[in-house]
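All chains are identified by letter, namely A, B, C and D, in their written order; residue positions are counted from 1 within each chain.
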Amino acid sequence: MSNARRPAPLVDIAGLTISFPNDRGVQHAVARNVSFTISPGECVAIVGESGSGKSVTARALLNLVGGNARIEAERFLINGADARAFNASQWRRVRGGFAGLVMQDALTSLDPLRTIGKEVAEAAQIHGLARGAAALHTLATATLARVGVPDPEERARQYAQQLSGGLRQRALIAAAIAGQPRLIIADEPTTALDASVQAQVLSVLRQRRDEGAGLLLISHDLAVVAGIADRAMVMRDGVVLDSGPTQEVLNAPRHPWTRRLIAASPSASTHGYRLTRPVTAGGANLDAREPLPPRAAPDLARPVLEAHNLRKHYRTTAGGVFTALDGVSFTVNAGEVLGLVGESGSGKSTCAKIALGLLEPDDGEIHLLGAHWTGMKERARKHLRRKMQYIPQDPLSSFDPRHTVTDIIGENLRAFSGMSRRERVMDLLALVGLDVHYASRRPGQLSGGQRQRIAIARALAADPAIIICDEPVSALDVSIQAQVIDLLADLQAQTGVALLFITHDLGLVQHAADRVIILKDGRVVEQGDARAIFRNPSHSYTAELVAALPRLGFGLITSS
Amino acid sequence: MTEMSSRLSGPASHTVTARSVWPKPINTLINALINFLTRPRRLAPLLACAWMILIAGFAFAPHWFTAYDPLEGDVLASLAAPDAEHFLGTDKLGRDVFARIVYGARFSLGVGLGAVAISVAFGVLLGLIAGQRQRVLDEGFSRLFDVVSAYPGVLLAMLLITFLGGSLVNVAIAVGIAGIPKFGRVVRAQTKAVQDADYVVQASIYGRSRFSAFLVHVVPNVLTVVPVVATISVGTAILTTSGLSFLGLGPQPPTPEWGLMLAESRDYLRTAWWTGVLPGIAITLTVIAFAVLGGSLQRHIEGRAP
Amino acid sequence: MYARSNSTDRSGHHKLSEQLTARRLMLLAGIAGAGMSLLAAQPAAANETPRSGGTLTFGVTTEPVCFDPHRSVQQNSYIIIRNYVDSLVAKNADGRFLPWLAKSFQKSADGKTYDFILRDDVVFHDGEKFDAAAVKTNFDHARDAKNAVPAGELLQSIEQIEAVAPHHLRLHLQQPDTALLESIASVRLGLLSPKALQAGAQLCGGGPALAGTGPFRFAGYTRGQSVALERNAAYNWGPGYAKHNGPAYLEKATIRFLPEYSVRAGALSSGQIDVIEGVQPTDVGQFKDQPGFQFLTGPSGAQTAFTLNINNTIEPATDVRVRQALRDGADIEALVKSVYRGTVRRAWSNIGPDNPLYNKALEGSWGLNVAKANQLLDEAGWTGRDAQGYRTKDGKRLGIEVGYPQPFVRDSRDVLIQGVQAQLRKNLGFDLKLRIITGGEWGQQLREGTWTIYPNTYLPADPVRELEGNIGRTGFIRAVSDKGDKELFGHIESALRATTADDKLKHVHAAQKRAVDQAVIVPLFAASYQLAARDKVRGLSFEAQLDSPSNLYDVWVAP
Amino acid sequence: MTSTRAMITKRIAPRLLTGLLVAWGAVTAAFIGMHALPGRVEDILAGDMSWPGLREAIAQEWGLDQSVWSQYVGFIWRIAQGDFGTSYVMRQPVADVIGPQIWPTVHLALSAGILAVVLAVLAATLTAGRGRIARAAASLIELACVSAPVFWIGLLLLLAFSFTLRWFPVSGADGWRALVLPAVTLALPTAGLLAQVLREAMEKALVQPFVVTTRARGIGETLLRLRHVLRHAALPAVTLGGWLVGGLLGGAVITEKVFGRPGLGTVTLNAVLSQDAPVVLAVVMLAALIHVLASTALDVAYVFIDPRLKVQ
């Protein structure tokens, strides 16, 4: 990648405004006055949270914004031609032939009813690059091989749901590049992937760029962008706030929002500090971070939750046996935050279910506050139920859709009646930073962050000794995630409740946890101090995890 | 992301324009008008409601709408074309067609609602039981639904009516029984789905016993699917009744039930169209109205509980 | 035309010459044709020469359940069956019996022996020879209770059947039976090939196996759609009243089942079929006196009038005043005129007005008298009124149910009953309930004697049999006949036993009068068949023994 | 596919087994029903006939003198051997009565079914996710088709296209022209419902992420709908299939009566009205059999449309 040779840009856009009519027919802009160019061999990234307009902007390049959108631009050149005058068939030639689109979640972005081979070959077929079943199949396997899919012959005959997440995502990339496009538009291509898989997918994209393709990367993750993009734009509410070479944007953010975004990323270095409310105008500085309120040290003599040698097997439909947990033991002490880290399939969620008594282990036992917990009748456990509470990853599905917020929080306040219960609900709402008028809302009327706050309020209503948090913020935008994490930290300090904090996010666990347990394939591979363990991993798996972690790698925030 | 997704999708038929053709206020006005008139979600439920209110009025206070007796007519003035005196004409026995339509609302709605009440009562009960995690019960009731629905609906109703005898009540019972599997299956599937929902599985965390969770969470959330199916089924039941009347197995004369009126009028299709067209329109509109209301009810419920 | 004379008796004494010439046959046929023309507006010009060949499609209302003449009890099935079976004798429109497959016939003086000399040139469709043995096989098969053949009831008076010679048949009776020739002339005792009879009940399914001697052979049956008939080229033995000799004119005919009135009428008016039977009264105007079409009305003599038979053993119909109020509370004349648009006549007796034994004196003797009817009900104690305006006594509503078996509902008859229902409600506060019941339920009611009002027409052609079968001791009331009207039974039984024509006439008239006076029957209208056809169709007529359209033997299509 | 045999053993075999159970249940229920009807079988068989010994002769001939239980056992035993008995009313073997009627009804139902699918696919593909006016108009037409009684549609079509325009014959089973109006009559309500389900499913599929990906490959709108979206929409439509088969058969009863066509409908109606138990029971048996076959076929179709089911 050299700045010296500057070929004609693939895309040259200025003053792009995209708007949709609202219910009353009034146009409402979702992107305003956006300008950028993408040259061959260049990676341009658009960073932003939900609703920032980043995806819409990307899709405008393919004219795939939506039925009644209005797209206006001062300049809209695609491969040198004025795209404002394009008719439908010209647009079809752009799609797949000039620009390929890679989206998030290959499971739904590949047609689940068609084989991988057919999906990959489709663009080539449409653009006449190959004819006949045999030629298309050859092309599909070759393209799969190019993105590093092993055994492409076999894979081409399979369906998306038969492939692992990483292979699936690579197949999606293969489908996007099969028409030999000069531009790749990657919209959140690695979201929801494990760190190690994410690294592989990014390297495939990087390779395409290095071969001369233009790459437009859409992401919410600054660390991902930092590792690949030549230039970056930060968008919020349809407006570009910051743009320029990636290093410049991340190292010296001009706009406060950019700085807030950067500061909201949890890491080892943010441990003990707030992720929100960072520095004011002066400049982003670690010292300007606000410390979290002081908390009592964990009482190592008072275990709240003790798990001994948990084992759990599942029978697979194929007749095999899948080992979810294989001799896992851990202890959570009073006031302690224990992080439980692992990639998907490592057994984290099974641990949570067994701890909560929703699932019986095949072997091993759990004690809650010294009392037998596993293997007991539900009636016998009932008096201890209040002591262990739960914050799920997806609170929406854990709320009865017909219940109001009052009903949901009141679920844990059934000892109270009438007015006092209502008052308690109001108190709890205030505690999690929500206005009283949310009390009558239903789950469907709440945003993701608000739902998570309600889940926290519900857990706290029981006055528990321990809360099991299962990926509590993984579905949230970075800025919202920061607010929820800070809230949890505040409340933990305030109540001294112990937390079993389950996450796949290494940065987050280093920020939040006291101790950490690393799970792989149902076994504990390593445990110890939440920060030290990643600085000096003693197990090779931990080292791999650390290596795969994309990092912002600039002076502003250091992760090691 | 979720807010955007609905807008981002859809056909790519739009064009990139530099500016709009119309001045802004007019454009807005035209958009708003087209919006209202062509959006079936707004106009259709409104019209459906209006029709249902009219029909309900017919059913509850028929004498407000017509001075004629639906059963009495001047046989000597039979099959009179619409005129000032009988503005929808008279039927084969000289009865006022409009009066029969007005009074018929009570019977047609009665058959429809009665049949659906039977289907709902048994379908919900059996569906809730079948939806439990008891394999034996599930298999048993599911096969029972299979047995009942192995007969095409009309055939089953035919058999039941020969068994029960043709009368308004028996038609409602027969059509109701034929509709049980529909509700049973829907409720069973919904019960299974709700029971696997996190808020039911995790209810024990909040100290709820399984039975308590069943009452508080499962039953109400299962029942949300019932009104939609029930609303649409009322229309279907009225239709089935008219089919049975055609086969001579429906309510007995001189009941001014719409399906029976329609079935009886078919012999005069070429000579006295007014005896059949209007009951036919009444049935069709009512069935459409129920379907439209069911649809908007569904959107309402889905919108509230995504 | 339909003289009040006992035609049965007369033809019994009448010995027709064996040398009956073709000309004589033609003459008789002319008489029959003239008789019809009073009722039927047949456009056929006398000087036209019939054309042989061609096909015809006939749309009928009813698909027969059974095509076996001996087993079918559906009146509408005989329209079809008549095309492939012949009888020994033919009943003329004037009530006389004419030769058919029997060249001549003679009754003994004591009325207990009948001799039939059979034609010797007749062959069944399946090639079997027609002779006295074949007739004996037919009649014996029908008489045998084991076979459960409904037509057997027509032969109950027979003691023995004897094939005297190959073409000489003799019937020995247990006692005189004034209705015997009527029965022999009936399509229900039409003659089938002995080989075909071996198939037993399976013959109901029709098809070529159902071999008779008729002018057409049963070529094929498509259930739910049609029957195909093919000309019997060998046919040369038409009934005495036929208009021509030799084979039928039509080469082929299709009987199509079109149960919907509007479909039948539409099919005819759009030229897709040639003839229809069962015309909706309101549709008559489309065909009657319309260019391109003809409309014919049949006689009403062989079948009973459409009548409400009242079970006078069940409350409240045990009270004659209630029955009489029911009889006179509705304007039957106006109702019939309105429902049938003048295409049928109002009935005064249950015996059809074209039947020689019809009691004409009953005309005008009863009928609409609302004041009298109300007075009768007041006298009978039905003085209360309920919320719907019906009369009550001791808190019980004045009501009787009409149980109308579904298979017999047709021809706007339910509409007419509804009309009576509406008038009784308005005029008297009388609740005449109409309920359509199943055939099985009717059977049960019949067996238990629990039916209340049974509406029907009935076709044995002989009026005494009609009276006995409907309102006699062994009629519908048989299960509870000990509580029935003894005087009525007496008249009917005397008529059955009568040996002279005058005696029979006297008792038949008396029975009709008794039944109407006691209001155990409320005759409504004289049922008759209607035909509508394209004007090119010639030679359509009605069969006196059945009232229904004749077979298609004389029918031809003008070019 | 290696899974074909697995599919047979895992999906088809149990379906057919439970199907047998269903057929047995249906026939038993019908048997009980027919025997509980008012009026004894002898009454039906005797009709208006009455003479000494007749009822006994009938009872013996038809085996009605045995207990209901042994009649039932005999009935099931004969059915297991493929003998459906003899019609009370038509006096012929039930197989002879019903056998020739199967094809006309299947022919009609099949034609109507295919027509309905074609109409529904056309309507849904053309209007799903398109302009509001087109969708509103299509919805209205479909609703009207679903909401109007079948016999009424049939009579109106006859009035217009046969009596007035004379394009098609009134009735008969000869040639395709006679099939047009009945098939359309029977197809319209089914097509209306199917189109609505298909459109809704297509609109749901059209907002799936894979549609965006596929569009981004430059695919034409028609090909997108036919190759990708329709297949997804077919899944809920197939679920509806069992109901549709029943609806078509039920509608055939009415359609056959309106158009004077041969078929099971006419036979069934007459048998029900005349309480001809052997025929009714055979029809019920046949209906159950069709139901079982149809639902098994749909189950298999489901797997072929959705490979996800095969993989699991």
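By definition in this document, a residue touches a chain if its C-beta (ideal position, glycine included) is under 8 Å from a C-beta of that chain, and two chains touch if they have at least 3 such contacts.
The chain list, named the UniProt way, goes like this: A = Dipeptide ABC transporter ATP-binding protein; C = ABC transporter substrate-binding protein; D = ABC transporter permease.
Source: prediction; values computed, not measured.
The chain pair with the larger count of C-beta pairs in contact, out of A-D and A-B, is A-B. Between subunit B and subunit C the centroid-to-centroid distance comes to 47 Å (mean Cα coordinates, whole Å).
Work out the mean CA point of subunit A and of subunit B, and you get 45 Å between them. Inter-chain centre distance (subunit C to subunit D (ABC transporter permease), centres taken as mean C-alpha positions): 40 Å. With touch defined as above, residues shared between interfaces to two or more other chains in subunit C number as follows: 260, 262, 266, 406, 438, 441. Residues of subunit A in contact with at least two other chains: 59, 64, 67. Under the contact definition stated at the top, the residues of subunit B that touch 2 or more other chains are 8-13, 162, 248, 266, 269-270. The full set of touching chain pairs reads A-B, A-D, B-C, B-D, C-D.
Considering their complex, residues 1-4, 7-20, 27-28, 31-32, 35, 197-199, 201-202, 204-210, 216-217, 220-221, 224, 303-306 of subunit B touch subunit A.
By the touch criterion stated above, subunit C contacts subunit B in their complex at residues 260-262, 265-266, 280, 282-283, 285-286, 334-335, 337-339, 406, 409, 412, 414-415, 418-419, 421-423, 425-426, 434-438, 441. Those residues of subunit A whose C-beta lies close enough to touch subunit B in the complex are 20-21, 23-26, 30, 50-51, 55-56, 59, 63-73, 76, 83-84, 86-88, 91, 356-358, 378-379, 382, 385-386, 388-390, 392, 394, 396-402, 411-412, 414, 442, 444, 458, 462. Residue ranges on subunit A touching subunit D (ABC transporter permease), taken from their complex, read 59, 62, 64, 67, 92-97, 99-101, 103-105, 108-115, 122-123, 126-127, 159, 161-162, 172, 175-176, 179, 185, 317. Subunit C contributes residues 63, 65-66, 68, 71, 73, 145-146, 148, 150, 152-153, 156, 200-205, 222-226, 256-260, 262-263, 266-267, 269-273, 406-407, 438-444, 446-447, 469, 474, 478 to its touches with subunit D (ABC transporter permease) in the complex.
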